[in-house]
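Quick heads-up: structures coming right below.
Look for chain A in each of the two complexes below; its partner is chain B in the first and chain C in the second.
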Partner chain A sequence: MTNGTISIRDALYESPGPKAKKIIAAATVLSLVVLAALIYLVIHQFYITGQLDSRYWSVFARASTWRYLGKGLLGTLKVALGSSLVAFAIAMVMMLGRLSSIRPVSWIAVALIELSRGIPTLLFIYFFFLVPSQFGIMLPVYWKITLPVAISASGVVAETLRSGVNAVPKGQTEAALSLGMTDGKVFFKIVFPQAFRYVIPSLIAELVIVLKDTTFAYVVSYADMMLNARVLISNYDALLAVYLVVAVIYIIINYLLHRAAVFMAGHRKTAAA
Partner chain B sequence: MTIQELLAQFGDKYLQALITTYQLTFISFFLATILGVIITVMRVSPIRPLQIAADFYVQIFRNIPGAALLILLVYALPYLNIVLPYFTAVLIATTLIPSSFCSEYLMSGMNTIGAGQIEAARSLGMTFMQMIRHVVMPQAIRSSVLPMTNLLVATMLTTALASQVPLNPTDLTGIVSYINTHAVGGITAFLISAVLYCGTAVIIGQIGNQIDRKVRILR
Partner chain C sequence: MATNEQTAIIELKHIDKHFGSLHVLKDINLTVHKGEVVVIIGPSGSGKSTLCRTINRLETIDSGEIVIDGDILPQEGKKLARLRSEVGMVFQSFNLFAHKTILDNVTIGPREVLGTPKKKAEEEAMALLKRVGVENQAKKVPAQLSGGQQQRVAIARSLAMHPKVMLFDEPTSALDPEMIGEVLDVMTELAREGMTMVIVTHEMNFARRVADRIIFMDEGRILEENEPEAFFSAPGTQRAKDFLNTLKERDR
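Moving on to the complex of A and B:
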């Protein structure tokens, strides 16, 4: 797509002749008409149901609305950051376990990774929401959402880290061992720093998973952007407008994270070349 | 509660929940695959507005949180005079999100084929349809086995969204909160659902690996 490589999109078609050009032009016009009609239909539906009315959208003219949503976003980011760090810590342990030469340890790690990857985040959230209190453990609301999101992401992160470790050439380990380094030193001073650099783009992409999962914070009543949106709605009676704007904010943040991951991946490739 | 007591009291409910989850998973996966293929065809078509619209579609649905999408479908659409049954709303959410990922997998699968092969096919005088049938599709389908198994598992995990709306019978996640509000199910109630989810994921993964081993292209 960049750097002179031809994407499949461009390669599939040769430069069109006069006949093909006409067909493409006609199809372009036709598709534009269809898309415009679709957009018109959506706006029309908003119009006839009165949802374009300024009283629904004037909420966003107030600074207080944005301040409140911003406060919610801060809550969202706090959970996302906490979850990411905890997930990384758990993932490191899982990955080291999986790579361990002691068989039972690696079996247990594989089982834990499969569990983390095969169970929906919501089930983990309900677990932390409902179970600790049955045993008299009072978990702060923040951890009721942060821990399950972290556990749910840790399996994926562990596998990502492992793929990074596997990507480091074996010669590096052999060279380091022949210099008399211990196993631990070889891993943490030679192999892991390189592995980590390999997987930075994937790790950024996995932040998207974490950020999406934080939207379930309303289950445990943690004040994230979603919950604050709900409060705004009960105050201003503008459900459609508020949820739509909030969804767009989430989409934009995740899109930027996704772009950052793609950028880092491209950056690394050009740096290596 | 022991596992026997729990199963004696709620066993049939668990079975119904499992069926609901499987229903949602397989219907969504089927629809998401079809939608994903259509979107991908639009993305590689030479028609610019379709490309842009399809790219836009993918960015929207791969980046929207499932909860946000479901809330829009269930609580916001009625304001536009569109009222969906709960099951349909969940089904739409668990179809749209995986469909965007499906398209991404297909695109990256096609990109691994490489422009060189297309150029070679063209220099052999193949028509566009011949290229698609004999060069692109056979490789794209073979290399998409593992991503598709991952997509099936991801779709199953997404169907947990069903627990966020009142559904009867509910799904494997909903049943757990149901039991915990009606009786003290404790850890066991979670364990049953977790094992059912995870067991399904492992079985899907194993089948995927088996198929992949048979059709894989060694590069």
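Moving on to the complex of A and C:
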């Protein structure tokens, strides 16, 4: 930035110097070696105990297995997408409430954010599983998993958005006010678009949490990838093989999200530098 | 440069302001007339920025009255926003909108506040950018421009609102020395064209050249108010003499 104010963000994300780079490289190599050794040990152990016998893997020779897992994956992605969108919507409201100059509104928002962050996802799931039916409301099973996952994530997302808003320099608001913009326009045209760009990487990282939470779908018998994996396991007696494959799929998705976050972070830097 | 018509554009009446226990503005009375260029000088911490910022209510006041072109400055709401749109402000740190192109920085005010159609706003913006000499930067984002260029864009952004008066709070203090001139040139040109201006600056040669009136502030008070020649050649208070002497020391 040329305007002389080095923001905390710039200072925190300053790229590492030559010494730090060496340390990072050494640590990376070391951890890779340790990781490889661990993986070897585990696989070796499974091999000795016969867990890697081909009969356990034959299930993956069938196209129907993959189709079934694929269906589950689709369910997982549907819940993840729905939860993310709902979480974002709730988070926007909570964040705006928290920033409100009307004290009681702000207090209520703080309380809701703390509840959302403090209560485990599983308890929200039980809540939506048990409570609405008491009032005769029949929630579709999709919403029984999507709503609690969304609510559980919304508090963190709200705080992330708020940190972005707070990171926008005060001068941006002042300049917009001087042009005669109303508070709403200042926020939605000037402050929030910048805040959102700052926090895109964090938001993507939070998607990973949402994705992991979707595995609670079995509690409400929603057919996500995890539930379908369980069905495969009980049908084919191939616990390790199925879990390994499913784990790899989750890792790939989360890795892609991670790459997206890194890409966006780099993108943001070059766009704002 | 002072015009004969004595329409008051800004009237400050008995303004008082505290920051906590710090009394930063003490019974400030100041009238700025149409076409007038008023330069505010004074030592650091004397309240120049605060005074400037109260004029469009970026700072609230404890008591007193601010009148902009006959309208009392309201405390909030649409009416406040409307009056602010008539008062341009140029900041020390430029404050261009970092996520918008240079062109959008200049058009966003007219489009969002005045409801000017896109095409017309862009035509006017290009004309203004040309006037301040940065028309070939229109598609870039602020971070790609030098400080001097950014500040000239900031002036164009203010001008796009057709303000009745423009406030400048140390517009060249964040600039490298070689860029100060280009910004002062734009401001000098504006003054020559009859823009009503209130300028906080430490550039004394510039002040001498463009000011119709110098306001000297110290510890939250206006200590002196005089024409530039009279003020610089014979300051009336010891504080002002000391201040001018420190500046001379600095420039030596």
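The working rule: the second predicted complex is superposed on the first by the 229 of 273 C-alpha atoms of A that agree within 3 Å, B and C clash if a C-alpha of one lies under 4 Å from a C-alpha of the other, contacts with A are read in each partner's own complex, and residues count from 1 in each chain.
By our rule, a residue touches a chain if its C-beta (ideal position, glycine included) is under 8 Å from a C-beta of that chain, and two chains touch if they have at least 3 such contacts.
Given the structure is predicted, the values throughout are model-derived calculations rather than measurements.
Once the two complexes are overlaid on the shared chain, A:Lys71 sits clear of chain B and of chain C alike. Contacts of A:Glu114 after superposition on the shared chain: chain B is touched, whereas chain C is not. Of the two partner chains placed by superposition, only chain B is touched by A:Thr49; chain C is not. In the superposition on chain A, A:Leu239 makes contact with chain B only, not with chain C. Chain A is touched at more residues by one of its partners, and among chain B and chain C that partner is B.
Shared contact residues of chain A, touching chain B in one structure and chain C in the other: 5. Across the complex, chain A meets chain B through its residues 5-14, 16, 24, 27-28, 31-32, 35, 45-46, 48-49, 51, 114-115, 117-123, 126-127, 130-131, 134, 208, 211-213, 215-216, 218, 226, 239-240, 243-244, 246-247, 250-251, 254-255, 258.
Against chain A, the residues of chain B that register as touching in their complex are 43-44, 46-51, 53, 59-60, 62-69, 71-72, 75-76, 79-82, 107, 110-111, 113-115, 118-119, 122, 128, 131, 136, 153, 156-161, 163-164, 172-173, 176-177, 180, 184, 186-187, 190, 193-194, 197-202.
Across the complex, chain C meets chain A through its residues 56, 58, 78, 81-89, 91, 93-99, 108-109, 112-113, 141, 143, 145-147, 150, 154, 157-158, 161, 174. Within the complex formed with chain C, the chain A residues making contact are 1-5, 169, 171-172, 174-182, 185, 189-190, 193-194, 197, 271-273.
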